[in-house]
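The structures come next, written out as structure tokens.
Across the two complexes that follow, chain A remains constant while its partner is chain B and subsequently chain C.
Moving on to the complex of A and B:
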């Protein structure tokens, strides 16, 4: 029989019962009621310069420090450039890469391995890519994965059906492997939905929106969890700072306005 | 004549974790009060000084002239960048672009707090009046409420300075809402 304290606890934010993957980003874990539900595929979306890459690297880094292997699939930047531009986190250690706790792969290497030569992928190519990413996740024993970015991969998909297949295939495969993933989506200021093609957000288990907000001439970096299956979460907007101590978050002040 | 710096230093010794204190001072004792606050040395305490009245470097230099070492204090300077376009700063000074970026004050306080995980944190806000010049009372109230309670929950001590001669009813009300105790010196 549950004690009253246990009952209260189970009724509080985020206690739906799913095992959580602690992002290690204190403020975000608090917003998510204890972290991302394990095996979920999350769309991390936002305009340029909002901190998507930094946040996802920190997610992998905290995982590696706590013993969970991480895999970073880069579509847009070579590994060395990515590391050179990374915030010099207090908790970053080069040996995490050398020991295989963090693996960085340039997606062009996967394309070469698969023999992709066309500008546009066929449906069969999409299936092959999902299988290849699954193999890589198994090989590296990755419990955390980042794809940076799905938007860049999608440039090689000429129909929404292919993108849907890719997202669904990835989500199913990663969930089956026990991997929690952040899939980065690049938006422009003109986009009205949370992703470039609209398909990504519908298929993902969660959507975290990062943005730039101007208030009286000041530009603030913001973060808001739009959806997260498997947990109760805050839907408020937070202001963030990307610091060497990690990503810091505080509530956005509203000053009595909406 | 009573030395305000000695009295303020004495009050500093009495501060307890998770408390918020309002320090109302007259302009004539402003630097004496700062001397009393910054002269307080405790190796297990991290002092974070939010400077929005006078630039951090001016405080550091003024204290240096009267023999007060401020190297153990981390300053969060909200005005130098906006007023002088200053970008570089001494090692113990963090610049914030504008005093209107109240969230950034909270973020930088949290940053310094994380860098000193084993120390008790004392946050000095200098001053509520000058922050109020740049921000309306609604957002100021929200800021103080969130920051003070967030710091309290982490065992920090908060000391909020206000200047008697510049005191408005709005500032008094705000301070009354978030302070456990009020101390007054000068400005009579």
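Moving on to the complex of A and C:
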């Protein structure tokens, strides 16, 4: 695609100094001016079925292929199921998981080891969770991390203060470890902001919004970068094309053929 | 036919022993000999005896019983041991993870998630339901259940057990430490029991004065009285 290559050029020129973490997703890196600024914590938000999990898996997978370890922390889905989602990709290799390039961890296992009460975590528990996630990130030497999802974790927190502590703690810890992370947030159509509680988006270094859009009776997946500290970026809406070669982003006006 | 308590003068005070189908609570100060009384009761009678122990291990129960020269032919259900395995051991593990941190291998291996937590109150009720009459059952002590479950839950289980015990014409005896639980909890348990015994231990000068108070005998309020006791090599000995 000519346009996107040109975009990469201009974008890379436009952002000076900050090292980028290539998402590997065609089109997204050019929108972001070369990738996600390293060590940033990005909120990936959207309604259900908009491709948040697929996109973040692809982000990890591209990293793993190019030699960067990835850690996937899931609350909602068993990891066998997540792995099954990646098998169709041409660039997926099972040895990436076996060799520890990609690690999948169920957050509820951490809860039970640390003896958290499911209905209410204390502020101390929140700190302990951040420390535990830090330990795991260090141990796996993860340079890319995905949390799927912050909304599920937030259900266990009874105050916004705890959620704020969690988000700040996570983003500080991950940034300190040199880890670039995608934090998934589940929205419902009724939510007016970009996250369930509003706290998540305020604390994150960037917000990527994913959505569904109906056009000529087809439901299209869309992506829009709302905010991204440390880089200049397009704020236009793009259409997602999922293929076995990976996700492809095309500008909304040109897209929609799928 | 009244059921013997295993203690001579107590039987006569109760009118020959416990009435059939009695639910009896013994409430006492710590160190008053609650556990000894429970074991003495559990070692007598022709019916089969079941002893649910929340504190003493099987060996400790047997060793106390043989020390007093009683008959150690009873079935001991060690709840304390189960509690250790399924609750305390896990709590110990939790402190280790909290202190030392978590490794990938920790979240990968061992216990599958979503295992039903072990409910000791349900376990007690279920185990007792499986027992065929004639029986005598000792629960030593109720403190454990009140510590771990809500009062309403415990009372609910006791009501069920009381009904089963009555129907089976068995005897069910439970111990409970005095002054540990709030008045409302204590009174609810008192109200539920057919017979209530209290062990009181006071210091008078350089000696202990031990009183066994028969504070409730259902339908026979005239049988309530205060008896003095001491614990000798034969166990509980009462004085008129």
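Criterion: the second predicted complex is superposed on the first by the 232 of 258 C-alpha atoms of A that agree within 3 Å, B and C clash if a C-alpha of one lies under 4 Å from a C-alpha of the other, contacts with A are read in each partner's own complex, and residues count from 1 in each chain.
By our rule, contacts are C-beta pairs under 8 Å (C-beta built on N, C-alpha and C of every residue); 3 or more make two chains touch, one makes a residue touch a chain.
Everything numeric here is computed off the predicted structure, so don't read it as measured data.
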Worksheet item: If you stack the two complexes on chain A, which partner ends up touching A:115: first (chain B), second (chain C), both, or neither?
Response: second
Practice prompt. Please work out whether A:48 is in contact with chain B alone, chain C alone, both, or neither, and reply first, second, both or neither.
Written response: neither
Discussion item. I'd like to know which partner A:248 touches here: chain B for first, chain C for second, both or neither.
Written reply: first
Discussion item. Looking at A:106 after the superposition, I want to know if it touches chain B, chain C, both of them or none. Which is it: first, second, both, neither?
Written reply: second
Item to complete: Go through the superposed model and pick first if A:132 touches only chain B, second if only chain C, both, or neither.
Response: second
Discussion item. Taking the superposition on A as described, I'd like to know which of chain B and chain C A:220 touches: first, second, both or neither.
Written reply: first
Worksheet item: After lining up the shared chain so the two structures overlap, which partner does A:239 touch, if you call chain B first and chain C second: first, second, both or neither?
Response: first
Worksheet entry | Touch list for chain A against partner chain B, complex | 215-218, 220, 239-241, 243, 245-246, 248, 250-256
Fill in: Residue numbers on chain B that touch chain A, as the complex places them
97-98, 100-104, 106-108, 110-111, 114-115, 135-136, 138-139, 142-143, 146, 150
Worksheet entry | Touching residues (chain side chain A, partner chain C) in the complex | 103, 105-106, 108-110, 112-115, 128, 131-132, 135-136, 139-140
Response to the item:
Seen from chain C, its contact residues with chain A in the complex are 90-91, 93-94, 97-98, 101-104, 106-108, 111, 113
